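After this come two complexes, each holding chain A, first together with chain B and then together with chain C.
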Partner chain A sequence: MELLHGLLPHIVNGFALGVLFALIALGFTLIVGVMEVINLAHGSLFALGAYIALVVISPDPDILGAFADSYFSLPLVVRYALALLVAPLLVAAVGFGLEICLRRTYGKKKEYGLLLTFGAALVIEETIRLFWGPAEQSLQIPAQISGAFIAGDMIYSNYRVFAALFGICAIAVVWLFLDRTPYGSIIKAGAHDSEMVQALGINLPRLRLLVFGFGAGLAALAGIILTPIWGLRPHVGVDAVIPAFLIIVLGGIGSFWGAVAGGILVGLAVGITGAYATDWSILSMYLLLILVLTFRARGLFGKKTVLEQ
Partner chain B sequence: MLKNLTRLLLAASTAAGLASTAVSQDKPIVIGITSDASGQYANSGASDRRGMLMEIEEFNAKGGVLGRKIETIHIDTETTPATGSRVAERLVSRDKVGFLVGAVSSGVANAISQVAQKHGVIYLNTNSSSPTESGKNCHRVKFVWDGNGTNFSQAAVKSSVDSFGKEWLLLTNDYVWGHNTSAATRKLAEANGAKIVDEILVPQGTRDFSAILLKAQQIDPNVIAAAIGGDDQKAMRTQVADLGLGEKYAWLNNQQDWPDIYGLPKENLFGVFGTTWYYNLDLPGVSDFVKRYQAMYPDTSMKVPGNVFYNGYWATRSLLEAIEKAGTTNNHAVIKELEQLKIPADVRMQHHDAYMNAKTHQMQQTIYLAKANLKGEEDDMFTIVTNTSPEDAVDAGAEQTCKLESFEETPVYEP
Partner chain C sequence: MLTAKGKASLVPRQMLVFFVILFSFPFWSQSVGLYDYIGIEIAIWIIYGLGYNLLLGYTGLPSFGHGAFLGIGAYGYGLAHLNLGSGVWTGLIIAIAAASAAAALAACLLSHRRGIYFALLTIAIGQIFWFVSIKWHSLTGGEDGLLNILRPELNLGVTSISLKSNVALYYLVAILLAVVVLLLWRFLHSPFGSVIQTIRMNETRARFLGYRVWLIKWTVFTLSGAFAGLAGGLFCMTQESAYPDIMSLHASGLIVMMVLVGGGFVSFWGPVIGVVVFFMARDLLGSITETWLLWYGLLFMAVMVFEPEGVAGMWDRLTRRFFGQFPPAPDTKRSTQEELST
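For the complex of A and B:
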């Protein structure tokens, strides 16, 4: 009983962390599923989203000019909400540009797409460094979601609860979109068989453009939510892209629920080992991956190959 | 005939000697800068580099060293020991640098110093603070410029046990500096009656401290002694402040590098921490030094210099002055000058005179304890609580563990 009492806060913490990992992986898995492109720029888009949010929340007064006073008189919660809306849209636009660049690699060796997105990751990171400098920055969060509360005899962060709930809502909205809307059906069909979708008259290039933008926007959203926890610096994207890649492989490439389940499992592994064997906490996600793939090579929810059917 | 031939040969060799002397007087002295530009200590590496470059510019403005201009080559050591080793080897073997300067990570510094000793190249470890750097990993060619974990613990631990309580939790960055700093803290704390209730190892690159902070709350110590550096420390500070745990426990953060906290909200600067210098010390030369920094680096985000910059500056300055005093770049002669180094407090801009320990090659200097200055202006983040003389903060164990190579074992190197 005492063990459970000691373990419970870490299970809850791990679950909350897992939801955030799932949010990071979601955009990544959508792009992989529909376009079979591993977007190594996902982490940089994550970082870019957070930096754009920084500009929306605390812009340079010189840039705003005469509007500076009225803008800063807006409550922080309003500017933060605006950032949650504007930054993903702008990063989605960057995602559109990246997809257009990727078109020449379709139908060719997969390495070309990998290299292009890797190059894009470096360009985006250096651009961030150029505009915002290399120093660590902090993203202001509204007082309503900062601070801490006491439950039992432990102190918990208000922001973490907000972040986990936001993550759950974001995952739910994405699922509803994919499962309950015609556009979602088209995206899922595209993930299953893009040639058939095109044969049925769906504009495949436009579908890919929208999916890439959507995935980039989700990366940006994850960046805004996670940087108050992880800190904001140009290379913060590396902390995102590696777990994202691991989670989609763990969960099954292209699987929505795989990304969610994978994220939560990784969060639990990191959260629980973080409490009892901290030096193994980063390693734990890789050990989990090895364990799962040893027994189920396609991941938890990955599609069966023809030979397995 | 033989006599004429001999005279001819003698004249030719004299001419060649004179020519090579003339060439070497024009040849610049090249310093290899081995600082991090990426990874956990990228920010501190940049600050370190700025300190070195400011001093080099000041020396070049006076005509260089021994009439020779000073040039630099910098390669990113990536906060990775293997890269540090590779970079050092390349700088010495391919780029033929005269000296190596720079480190923040103790793992990187140790890797570089092994290469340096192999070639006989003088290496200045500007900013890494593991006690092993001037202990079991000391080398004849290496000189350590920063205070180490033992120095800071000496200055802080006893008073913390008396003031805050005996149950201590150690948070340890899982690499050489973290381990050795926590080991030093443990030894001193236990010697002063404290009990180490647990030690949590924090892997390098940890960004999410939630599990660790929950565990810390479950342990509920009196004091948390954290040996966490670089970006990891920034993440830890933000998350501790968010939970209000900075007020709940007494935090002892060993050394606090300026680039790691500059720009953070002051509320994140909980606890007590050590440093070797502060830009707002009311001491001769400090204000002018800050102005020179601001004139040279008007666009840097760090508007005032900190301890990392200061160490990079002083290491480079001391090296160049030692070369001048020795009258040669011969490594043995310069090492002997550095081993006798003494800098008065007013020149050094600290409260006490500083001097090189010839047995460990670590600079002995004032150790400051500070806490957050919540009422000061934006950049004035610290309130200096105490200053401890080098004698009172000495790492007594270093002389027993440090075995410097003899001069005979150290290759001669004269760039």
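For the complex of A and C:
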């Protein structure tokens, strides 16, 4: 009981972190499921989303010109909310562009698509460096969700609670979309057997375009939510996308609940080891992955798919 | 496409051309505006790239964590030098042994995996090694790495040569590269070399033929790790240091890019071309703009979209068009095979 009491805050922290990991992995797993492409640019899109949000929240006054004063008089909350809306849309547009490049690799070796996204990751990261410089920046967050509160003998940051709640809501919305709307059914069917979906008369290229854009938008959203916690650097994307890789392999590629469960498991592992050996907390997620894959080759909820060919 | 012809010459014409260029490099490098140091770098990365292509181009296993083995080779050499005061040969043997041991261990987890699962697991494994190299301060020196690894004397029995001059070091690396090329060429044209290509073309069928596919994949992975270890040891010798950067996902991805830009899927020489293109791009674009990686990345994307078989693939097509030879387009044949298998 004493031990549990000591661990509880770490479990709570780990759970909150896990929800955020799941949020990053969500867009990734959607794209892998429907497109059969590992999007190595996911992390860069994540970072790009955060940088675009940076511009939306505090733009260069010169660009706005005459509108600068009226724009800056808007409360921070409104600008933040605007960023949450605009940045994912812009990044989704980038995602559309990437998908159009990817089209030429369909039907060829799987590696080509994967490598194209690796090149895209490099290009996006270097573009970020070009426009925003290599220095670490910070994303402003509104006063309403900053600060901290005390519960028991622990101090919790308000923003982390907000981020976790936002993550849970986002996961719920995506699940409702996939499970309760006709579009969701088409996407799920596409993940199951894309050829059959095409045979049923559904416009597969458009479906892929939309799914890729949607996944990219989710990456951007995760970026905006997470970078106030992790800091905003051009290569933050790599740090973000590695857990996402692990999570979807852990949970089973293409499985929605696999991604969520994998995310929470990884979060818990990192949180709990962090309590004992801070330096090595990240290592625990790799060990967890290897442990799970040794016993369940396709992850927790994975099924045999064409992805193994 | 990469296929071993029944009987291949032990030293084909391209290889002779390659050797001539390789060994004459210090004589003409200055006159084309290059310098000896870049020759050393290119030769080391060609060793790394050729070893890597064993895995990617020949066996069809995309590893995204191969930098780990380059890094372990570098650390192995560096630690042996700092702690044991070992010379060139002992140091390199320790580098190769350390990298192959790590690769063998990793291959135990990887050899039963295919496709996306293989790729993702290599990322995870590469990251583990990278992470350990950063965090294990007492052994690896953390993010700074190992420093002050002075270039040793090369002991040849009768005499010893100082490797402090870049030309001397270049010739050591060039000779090792020539040995690697000969070994790999022979290896790929052996029966075992044909089997690994069968695995790339159709793993299931290779298994039905009675080959123990996982064991072969394990062997190739370990072997490829050994070449990376050799390259890593030489890298450490050249740079006089070993640091975790070369093990990052970014660096591991670069070798994949080099091999593919050159055409590792279609030609034995793909990695050679790719490495040269990369370093030339780094120097030429780098002298014009600081964001040369952006342009290289765009070039790479264009290659993947329009010419995914790289420079070697383009060369094949052009020579076929101009010299009127029409060997059956291997790619179409292969894709029908793949369709049959799925």
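The criterion applied here is as follows: the second predicted complex is superposed on the first by the 303 of 309 C-alpha atoms of A that agree within 3 Å, B and C clash if a C-alpha of one lies under 4 Å from a C-alpha of the other, contacts with A are read in each partner's own complex, and residues count from 1 in each chain.
FYI, a contact is a pair of C-beta atoms (placed from the backbone, for glycine too) under 8 Å apart; a residue touches a chain by one contact, two chains touch by 3 or more.
This structure is a prediction, so every number in the text was calculated from the model and none was measured.
Trainee: Following the superposition defined at the top, how do chain B and chain C come out on chain A, clash or fit?
Mentor: Aligned on chain A, chain C clashes with chain B.
Trainee: Using the superposition on chain A described above, determine whether A:Ala172 touches chain B (first), chain C (second), both, or neither.
Mentor: neither
Trainee: Touching A:Leu293, do we find chain B (first), chain C (second), both, or neither?
Mentor: It touches chain C, and chain B stays clear.
Trainee: Quick check on the superposed pair: does A:Leu200 touch chain B, chain C, both, or neither? Answer first, second, both or neither.
Mentor: Neither: A:Leu200 stays clear of chain B and chain C.
Trainee: Name the contact category of A:Arg104: first (chain B only), second (chain C only), both, or neither.
Mentor: After superposition on chain A, A:Arg104 lies in contact with chain C alone.
Trainee: After superposition on the shared chain, which partner residues are touched by A:Ile282: those of chain B (first), chain C (second), both, or neither?
Mentor: both
Trainee: Check whether A:Ala143 is in contact with chain B, with chain C, with both or with neither, and answer first, second, both or neither.
Mentor: A:Ala143 sits against neither chain B nor chain C.
Trainee: If we overlay the two complexes on their shared chain A, which of chain B and chain C does A:Ser157 touch? Say first, second, both or neither.
Mentor: A:Ser157 contacts chain B only, not chain C.
Trainee: Have a look at where A:Phe245 lands relative to chain B and chain C in the superposition and call it first, second, both or neither.
Mentor: The second partner, chain C, only.
Trainee: Scan A:Leu122 for contacts with chain B and chain C and give back first, second, both or neither.
Mentor: Once the two structures are laid over each other on A, A:Leu122 reaches chain C alone.
Trainee: Would you please give the residues of chain A that touch chain B in one complex and also touch chain C in the other complex?
Mentor: Shared contact residues on chain A (touching chain B in one complex, chain C in the other): 235, 279, 282-283.
Trainee: In the complex of these two chains, what residues of chain C are touching chain A?
Mentor: 56, 62, 109, 112-117, 119-121, 123-125, 127-128, 131-132, 135, 248-250, 253, 256-257, 260, 265, 291, 293-294, 296-298, 300-301, 304-306, 308, 335, 338, 341-342
Trainee: Could you list, by residue number, the parts of chain B that touch chain A in their complex?
Mentor: Within the complex, chain B touches chain A at residues 38, 42-43, 46, 174, 200-203, 205-208, 210-212, 214-215, 217-218, 231, 234-235, 238-239, 242-245, 248, 259, 262-265, 301-302.
Trainee: Taking the complex as given, what residues does chain A use to touch chain B?
Mentor: 6, 9-10, 13-14, 16-17, 133-138, 146-148, 153-157, 159-160, 228-231, 233, 235, 239, 270-276, 278-279, 281-283
Trainee: Would you mind writing out the residues of chain A in touch with chain C in their complex?
Mentor: 32, 36, 38, 40, 101, 104-105, 107-112, 114-116, 118-120, 122-123, 126-127, 129-130, 235, 238, 242, 245-246, 248-249, 253, 279-280, 282-283, 286, 289-290, 293-294, 297-298, 306-309
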